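So, here come the structures, one by one.
In the two assemblies presented below, chain A is common to both, partnered first by chain B and then by chain C.
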Partner chain A sequence: GGLTPTCPLAGEWRGRMEEGKAHSLGGVFAHLEMLEARAREAAMKQAAAEQRKEQLARLEARVQELRQQRDELRAKVELQEQGQLGKRGAMSDPAQHSAQAVLEWKIRKVKSTLQVFYLTGISGKLTKQGVCFCISTAYEGTYLDSYHLDLLTEPQVRIHHHSIPIFIPLEQIAKKYLQTDIRRFLSVLSDHLNAYVGRRYQADQLQEHFSDQIEGTMQRNSLCNLLVFNYNTSSKSETFPFNARLLYGDLCCSLPTEVIVSSASDAPAALAETAAAHSDLFRRLALHKAFGS
Partner chain B sequence: MDSSLCHAYKDEIQSLEEEIKLLAEKYEDNQQESISFSDEEILMSINSFQKEFQRPSGGCEFPSDLKAQLESLETDLSFLMKFTGIQFMSHSKKTIEKTRNRTVQKHRLSGNCHSLSFELEFQLLEMQTKESVSAVITDLNIIMESGEDSDVSKFVSSTEEHGNLLTFFRSLSSYAEWYEHRRCTFLHFKVVY
Partner chain C sequence: MDETVAEYIRRTVLKIPRDEIKTMLQKWGFLSETQLQTINFHQMKDNISQDVVQCCEENSASIKQAAVLDIIYNHSYPNKRMWSVYQMNKTEEETDFFDLTDFRKKFKRHLRSALKNVTINFREYENNAIWIRIAWGTPYTKPNQYKTSYVVYHSQTPHAFISPSVLKSNLPLLCQALVVASNYQDIHEMELRSHSLNSLEDMVFKRYSQNFETYCPRPLQESTVAQESAAGLRIVQENINEKERIQRVNRDTFGDGPQPKLEFAEYKLETMFTSDPKLEVLDKKEPFRCMVKFHSPHLLESLKSLAPAGMADAPLSPLLTCIPHKARNYFKIREKKGFFPGSFVSP
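And now, the complex of A and B:
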């Protein structure tokens, strides 16, 4: 406060005297401070209320602006779609479009064709020192992981970087084909990768959709060519009488080469027959499809 | 009371901004998919574009970038076609559905792999999850020139049934190379004998 004790407010002093409080200098200061604090608080509250009001008004204005923008866009798109019914694919007047727009259209078109190459399994782009290939994998219609292979071409073809998992015999395949037939190299590598991803997908699908028929988690190695699990044919039972061991001897194949399904030695004969039938089934059908049948 | 109104406005702003983004993308997609320029028109545009920006007044970085970008993309595409033997003669796509997490596009492709021609159409569903984008092929339809061959037609129908687009192309590639090799060998013998 900036008030000096020689100029007290008469009314306040009288008020204080009426309250019967000690009217020492310290008491006056304290009271004045309290009044100032109250005034500050009131001013702050008012400022905050005004701020909120302003903010609300700003938000409301923004909502209106966006609503209008959205409605305009909606109308534009509807017009487009109506117009298209008549003249889909028609050549448009190039004079209507700036050279830049035409170029941008063409760039988008080429990019989308390049994306189709991704769907074919082998795509890539040229680099300063060679090529960077992208091998895509899929199980039936579902595209899964893709892997990169950065190749240098001078003085001979060699691998610069790659994202191939270590359990895929990349060096072996490269040694055999990379120098002589790059296409064959990529094709064989692609076979390995697609088969690995296919086996992994089957195991994942089994775990995801038939977990109540499998005891715990199945055992598998990183290459997913050895699977061992205990299972049941129905989801209601609490025991898992069958044990399955699937070995995928051909690394380029997503069906097992060896299947052993066994039941406990004290199990009834009928169970043994079922086990044999299952063994055959697992050899012919993809794992998650075998369970689904 | 005030703050709940504030929240409501903020929520609406966010949903409007998302909707606007999707609509703008839809508009762009529709534009892209419905118009078509011939190669001559594109060449003309490249030339007029260069001239426009070669004038000293326009010192913009963009034009050479666009042309360079187009050239680099076309070089990559022609390399891939040459390397894999797969040539796409025509490709069209139409966006059927587009939401924040899901896009469905219908594609029509025609081309050949060495001397075998094919035509196919399929739907591509792309879904955005927290970690990644997944892509699934449905409604695959394949027409092959040598469709009378029973092996080929069996292969084609099993591929269609499972949406096995990737396998189709990989098998096509190796079959076409073998076919080409066989054809050349046959021709060679025909000539020699």
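And now, the complex of A and C:
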């Protein structure tokens, strides 16, 4: 059992018809309007789609045109180039080619030699009135600033311009060596500058990488030959920070000549020994390396 | 809190542009964050300053803290004052371990020994510059906080930048104190003055970009290329050689980087009037006095653009181009009779 009626539609339809009749003409017209609107929409969409297709086809055709033009022009250019090469090829001989190549090789070699001189630290160039030296400084493999010295040679050797910082004792070094031994002058000046940038680099590295171990601000000066700071051995703030006072007596040296590490007066005695050990460490190692260890 | 201190803080806050007040107060660090939160920084400046004074009352500000705020304001806006450059000399050659605490002690002691009524404040900045603010009084009156002198000193350099107050009589005392504190022997004023403190420092410490001849390739600035492409390839420059020569000479003289900022250069001429003796223009043989002063918002940049603009021949007169090298903008030009220190004989 349980057979469903085979044509329920007739019954349904009759039902709908009856429904429609029940809603009268207004209902039917509304229904028709809705269908009309739907048809209109569909027509518009189709029209838009067709327009797009047309445009696409037009653009594709244009692309084809341009591509064809490009190929034509390319062929023309190639032909011209070949023609020129052909002409040149007819006139040149192997000797000219290799002369060009040799010249280029020479120029490359000279450039790299000059680059090597620049990297060694002291390089120079003859100018109309004298010589211009460039002292490039480095500290433990890192190249730092370069400084320039423009010297006049007539009537005596004297300094015309320079970009040496004001706190490097340039006049004193010049007074001692410039007239008599220019090599020694450059060497001493280079030592001063290299040591200065080395000290500055150490102080900068300390401030950058170990700022959590330093308490308060670090006192420095322009020549970086006096550093005073308070520090802890670890990142957390301890009750008895150490106070370090580094004096760099030798301006040509990047390690301190005198180190005084002290702890607060009420600190336990054991810390005094650590202070002495630290003092020794600072005297031997570069500052940021001492902190790293 | 003292009435005068409150008024001084109020007036200092009024000087600061409204958008900067909060950052400057934070830099000052005298008011806590919670106090700063209570102030509405979008109201009128008058009201903001009143609120700030209120908070300072709560913290009992003294003139010392008020002075620090003044230093911070002047450090941010140094171009509002006129700065002169002074140079110190010493004969000994031993290395100087510049100790900041030592310097401050000596400076204060020297000033206070001569004049009891002074307010002295120090503030150090990262580039090793020490800013000193001095408010002057007299033996009978308290220091006048509105008439301050400022000194900027970079340790271990022989130069000091002084912006004097209106009371010029205190300047010798200030110079003396500076000399004593920094272990030098004497001090004299250089012929260099400007509103732009940074440019003065650049010129004196040779930090501006000078032109040195080296083999190392410098990136050449092809500023002419942009002009050509904009004008189109159909325009041919007839005197392109001359233009390029001028650019080259200009670059050699001035270098590639930005020039230090100066507002004027003054040339005093004391030369004889040379003319046909028959005309007898001047009965007495006196030097013909004349002063030429160049004014500009940025003098050196305008000099640099004279030749490319076609208004002057390149190379420019050495009298004009030597300004940054010699670090002076006051010149006296006399006859080539002999060598006068402090004067510059025209070539």
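A few notes on this one:
Note that the second predicted complex is superposed on the first by the 183 of 293 C-alpha atoms of A that agree within 3 Å, B and C clash if a C-alpha of one lies under 4 Å from a C-alpha of the other, contacts with A are read in each partner's own complex, and residues count from 1 in each chain.
Definition applied: a contact is a pair of C-beta atoms (placed from the backbone, for glycine too) under 8 Å apart; a residue touches a chain by one contact, two chains touch by 3 or more.
Predicted model, so just to flag it, every value in this text is computed and none were measured.
Once the two complexes are overlaid on the shared chain, A:106 sits against chain B while remaining clear of chain C. Counted by residues of chain A touched, the larger count belongs to B, out of chain B and chain C.
In the superposition on chain A, contact is made by A:122 with chain B only, not with chain C. When the shared chain is aligned, chain B comes close enough to touch A:183, but chain C does not. Once chain A of one complex is fitted onto chain A of the other, the partner contacts of A:27 are absent, as it touches neither chain B nor chain C. Shared-chain residue A:114: touches chain B and chain C both. Chain A residues in contact with chain B (one complex) as well as with chain C (other complex) are 114, 117, 123, 125. Chain A meets chain B in the complex at residues 52, 55-56, 59-60, 62-63, 66-67, 69-70, 73-74, 76-77, 80-81, 84, 88-92, 94, 97, 99-100, 102-114, 116-117, 119-126, 131, 136-138, 140-143, 183, 187, 190, 194.
Every residue of chain C that touches chain A in the complex is listed here, in rising order: 93, 95, 97-100, 128, 154-159, 204-206, 210, 212-216, 325. Residue ranges on chain B touching chain A, taken from their complex, read 2, 5-6, 9-10, 12-13, 16-17, 19-20, 23-24, 26-27, 30-32, 34-38, 41-42, 44-46, 48-49, 52, 62-63, 66-67, 69-70, 73-77, 79-80, 83-84, 86, 88, 91-93, 107, 109, 124, 134-138, 140, 162-167, 169-170, 173-174. Residues 114-115, 117-118, 123, 125, 127, 132, 134, 148, 150, 161-167, 169, 172, 219-223, 225-226, 247, 249, 251 of chain A are the ones that touch chain C when the two sit in their complex.
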